[in-house]
Amino acid sequence: MSGLETLLSPVILFFVLGAAAAFARSDLAIPEAIAKGMSLYLMAAIGLKGGVEVSASGFTVDMLAAALAGIVLSFLLPLPAFFALTRFGRLDPVNAGAVAAHYGSVSVVTFVTGVEVLGAGGMPPAGYMVAVLALMETPSIIVGLMLARRGRKGDTQPTRDLLHETLLNGSVVLLIGSFLIGLIAGKKGFAPIAPVFDAGFRGVLCLFLLDMGLIAARRLREARALTARLASLAVLLPVVNGVVGVLLGAFVGLDAGSAAALGILAASASYIAVPAAMRLALPEADPGLYLAMSLAVTFPFNITAGIPLYTLLAVKVAT
Amino acid sequence: MTHTVPRRRIEVLVDAPLVRRVVAAAATAGVTGYTLLPTLGGAGERGSWSDDQISGAEAKVIFLTVASEPKAEALIEALTPLLESHGLILLTSVVDVVRGGKF
Amino acid sequence: MTHTVPRRRIEVLVDAPLVRRVVAAAATAGVTGYTLLPTLGGAGERGSWSDDQISGAEAKVIFLTVASEPKAEALIEALTPLLESHGLILLTSVVDVVRGGKF
Amino acid sequence: MSGLETLLSPVILFFVLGAAAAFARSDLAIPEAIAKGMSLYLMAAIGLKGGVEVSASGFTVDMLAAALAGIVLSFLLPLPAFFALTRFGRLDPVNAGAVAAHYGSVSVVTFVTGVEVLGAGGMPPAGYMVAVLALMETPSIIVGLMLARRGRKGDTQPTRDLLHETLLNGSVVLLIGSFLIGLIAGKKGFAPIAPVFDAGFRGVLCLFLLDMGLIAARRLREARALTARLASLAVLLPVVNGVVGVLLGAFVGLDAGSAAALGILAASASYIAVPAAMRLALPEADPGLYLAMSLAVTFPFNITAGIPLYTLLAVKVAT
Amino acid sequence: MSGLETLLSPVILFFVLGAAAAFARSDLAIPEAIAKGMSLYLMAAIGLKGGVEVSASGFTVDMLAAALAGIVLSFLLPLPAFFALTRFGRLDPVNAGAVAAHYGSVSVVTFVTGVEVLGAGGMPPAGYMVAVLALMETPSIIVGLMLARRGRKGDTQPTRDLLHETLLNGSVVLLIGSFLIGLIAGKKGFAPIAPVFDAGFRGVLCLFLLDMGLIAARRLREARALTARLASLAVLLPVVNGVVGVLLGAFVGLDAGSAAALGILAASASYIAVPAAMRLALPEADPGLYLAMSLAVTFPFNITAGIPLYTLLAVKVAT
Amino acid sequence: MTHTVPRRRIEVLVDAPLVRRVVAAAATAGVTGYTLLPTLGGAGERGSWSDDQISGAEAKVIFLTVASEPKAEALIEALTPLLESHGLILLTSVVDVVRGGKF
């Protein structure tokens, strides 16, 4: 599947439709409950499918390598991001730490869209990448907070609360839980629920991306805090992180599809688990800022340009 | 005629993830009865928001409680340090309630 | 300057299945205008509740009405017997309204 | 499929079940968010399917003829309706204009149900009829407002706002957008999302019509403003408009299925786009009135009696 | 399918995942509207499928026997329950009557899960058991209220209101309505909507049970009114009722699958129709109490342990 | 004791499609902070309504704002002409707020 074909697949076109509708100020809107329901469905489905695949392939060294690579990325990627955000982006440490945490973490829908695109292109990533996705959600939150705290008025941090909130964030629990269910159920156990979780997957993804297009574009339109410098960082950070992810994936020996998926994970920025954690742990940080960067700039960039880019690189460098 | 007594009504507009902070602060002030109300959106100094977000990080909730004057004082005292940093809005007014003993 | 007149605002927190009882009581008191507001959850003497239930039995709704003093009196009178048994909470306060004739 | 068979298909029976439940004052209710979600789904699905069909059949002269016929109908049908509503129905011009706009416009679900019935009867309308549906949504709004304004206290109309609201109404945008996506994706691109948008279609329509039955019957029960005269107009107008639509369709050379679909469109009355526009542009008009007529009388009439009627006529007059 | 296999099927595992997430205080939550939507879907689907099956099998003597057995159970089971709840459970008559009504009535999702398990084990219950389910929802409400009233301050009961509320409760109407639609439509009419109501069934059940796990565990955690005595009754009552149900089913000549289903119905406790009726008719009764017993103890017990138990017994005693 | 100052609370019940008219009117009056609250249904002279509609034309929203006396006056003035034609309901009352400078 060529880059153009990817861009013209219904999944991406629905995202474009949503963005166009929001820019044109149409009143098209998907009820919040429906959007949340679709988001939960996508996580359960991707978790299940990953687990079923691993139950077939068994545990491998690759899997361990990918998991370690993912965790390392989530811990380290916030550091250069923080540096760039404070120096070039001119953010104070609190906001820079909050934003950096987003870029070290991952976006489930970016990953899911990437898996779709990679699958359509004949290079599906390994099933265990779903576990890597889940593992990458939280480490960056800790790093981001440590960075932010250096600039904080030092009030006592309820760390236990935060760790709890982060590790047991709904999306993490659902992803890992579904992965385990898929692992236990295997192909045979999955068959009766496949009509919902497999056949229905792409159609629901279309409708969900329609909503993401609406949300991203509305947010971009109303983003006051987004300076030109920050907007360019919201494109630069995913590119750099994505390239680092693909290279690391190739280096630890992943196949091209999985290396591309690791790049997509590295490039993606969280918009569910991390914002919720930041609202709790860094209430002074501006949600309008970090959501504008991750949701309104980085997400659309990754969906339309980033995924093909990291895929291309993975084809070049990975075996 | 039904007997009513004056109490203080306190409403706090608070981000959904921070609700339990407010509930905890209320408990410290001895306020254990409250009701949470949903909101749809709004605007203020930090721009406008609306709740049709995938990320629930910007959803806001109204924490409503009716309390006796001393408890209300204690609650306002407890919440004041959070107002600025957590971006809360706090309103208080007088209401008359039946069954005053409850509050 | 727009002319406003004082009226009584009555808010009743009531379990969803019992709303029509309150509406009926209001009608008996001559109160036919009202608005229903949703809630998310809360806590009180009988423990905490939240609305993410399959069974709607614990969902609560706020019945809000603005009425003239005599009608408000009559409504409070009519609801008082239900307060304890039905676990209602009733708040009243003064509001100023435009178009006073409506209420 | 005979008329009786149509009436006994699950799609229609669920509508009847909803209406019966509401009349019996059952507390059966479908959450608003779910109903809205299903409504958006149906629009996306019908748009996609229309686009995919046109991508296969190519653009034709028929298509242009149908589009023109649809636009002309939407512009002209409000005029006799307005006349009947003021004279026979005794409405003031403001309310008459608002109601007339509804009858010139279209109901997506009536159309969708009609397509189901026509398809089951072996005479599916052409795919481009979806585009005609989208084109017919808005012209009548302009005509209705012009008619209403003659009776208005002449406050300044924010026309730009209104045109915007009307042309970029969510349902119009979603219908046209999905149609274009279907057109671009074609059969091949549609295949992976077909389990959701094709196989799922009729089942969702059942549940949606269950809700429509509930809503229509509740509205009818509570409709204070609905006089006997207005109720009879709410049956008469669709019959006349439907017959005009079928005849015009046959006249411009449409096949029987498409002519029947044009009749169904002409007969149907809007309950989404137009009410929203009227609330904005004619806040003095009574929504209880126009929703009672379009949703509580005309919609059930069309679903149960109108569709078979226009179909029968189309079989007679079109080739 | 062995007991372990049942416990490891995705349907049950999702329930366990939900319960685990809630016990760990994860913020995982399914929007209320989605949960309600799924609940309505499951009722419509089970109703339709039952009706379609009966349309194929025709009316039989078994069916009548099962219906009578169900009605008798719903009328009689509250009596020993009330006795146990007042004596051993130390409840006042009002609360005991309210709880007893729950145990005489039925839980749709317990039934649905049972049907899944029985089907997977090669002993699907007869289609008419859906009708039995609907018939068993309401009689116990009347009995429970009569028992409760003996302890009431004798204010005038709006009995008409209550009967209406109970008989036309949304879930009863939807179940019976869908059953009738399935009966009318038959296999042929059902085919076009089967992708939604048949193929989608188990997947939706998974997501719904995920939510039930969350709700049951949260309720258990917060249940103040639940004494050790009441908690043990919430396990004892389903076991006794379930055994009685299976035996009665075998006695009136039902096949093993149907007898097991009757046992499951008898064992299950309502958490939709009855709580709503009790809130209206016995507002002094504590909803925290009866929901804790039925939803937080009995439901999980039946899903994980009860269903296999009653099935085993049915295999032993029924032909 | 925390310092509070009196401000005016204004609530406007308005049809969802007309909310932006009210927001615009508020902006003209210098009122830029507001919160929107959902409703479920209600009844009045023009019959009853409830929000489980496919057509959103009858959904209503509460526009809530807290403002200083002069801004409140200006807002009421700006909204009064819409009250009758747009079928709005406007309530005002006094509230005490912390951080008075915000309003």
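Just so it is clear, A, B, C, D, E and F label the chains in written order, and each chain counts residues from 1 on its own.
FYI, a contact is a pair of C-beta atoms (placed from the backbone, for glycine too) under 8 Å apart; a residue touches a chain by one contact, two chains touch by 3 or more.
Computed from a predicted structure; not experimentally measured.
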Contacts shared by subunit C with subunit F include exactly B
Hopping along touching chains only, can you work out the least number of steps from subunit D to subunit F? 1
Turning subunit A onto subunit E by a C-alpha fit takes a rotation, in degrees to the nearest 5, of 120
Residue-number overlap at the subunit A/subunit D interface, same or different (half cut): different
Greatest separation from subunit A - chain, by CA centre: C
Based on mean C-alpha positions, I'd like to know which chain lies farthest from subunit E. F
Please report how many Å separate the Cα centroid of subunit B from that of subunit E, as a whole number. 39
Between subunit A and subunit C, what distance separates the C-alpha centroids? Give it in angstrom. 45
Distance-wise, how many Å sit between the C-alpha centres of subunit A and subunit B, to the nearest whole number? 34
Among the residues of subunit C, pick out those that touch two or more other chains and give their numbers. 37-38, 93
Listing for subunit E: what residues touch at least two other chains? 29-34, 36, 195, 199-200, 276
Write out all the pairs of touching chains, ordered by chain label. A-B, A-D, A-E, B-C, B-F, C-E, C-F, D-E, D-F
Complex contacts: residues of subunit E adjacent to subunit C: 29-32, 35-36, 39, 155, 211-212, 215, 222, 224-225, 271-272, 275-276, 278-280, 283-284, 286-288, 291, 295
The answer for subunit B against subunit A in the complex is residues 15, 17-18, 46-49, 51-58, 82, 85-87
Taking the touch rule as given, give the residues of subunit D at its contact with subunit E in the complex, in rising order. 8-11, 13-14, 17, 20-21, 24-34, 120, 195, 199-200, 202-204, 206-207, 210
Subunit A-facing residues of subunit D, complex: 31-34, 36-37, 40-41, 44, 48, 164-165, 168-171, 173-174, 177-178, 180-181, 184-185, 189-190, 192-197, 199-200, 276
Of all residues in subunit C, those that touch subunit B in their complex: 13, 37-45, 60, 62, 73, 76-77, 80, 83-84, 89-93
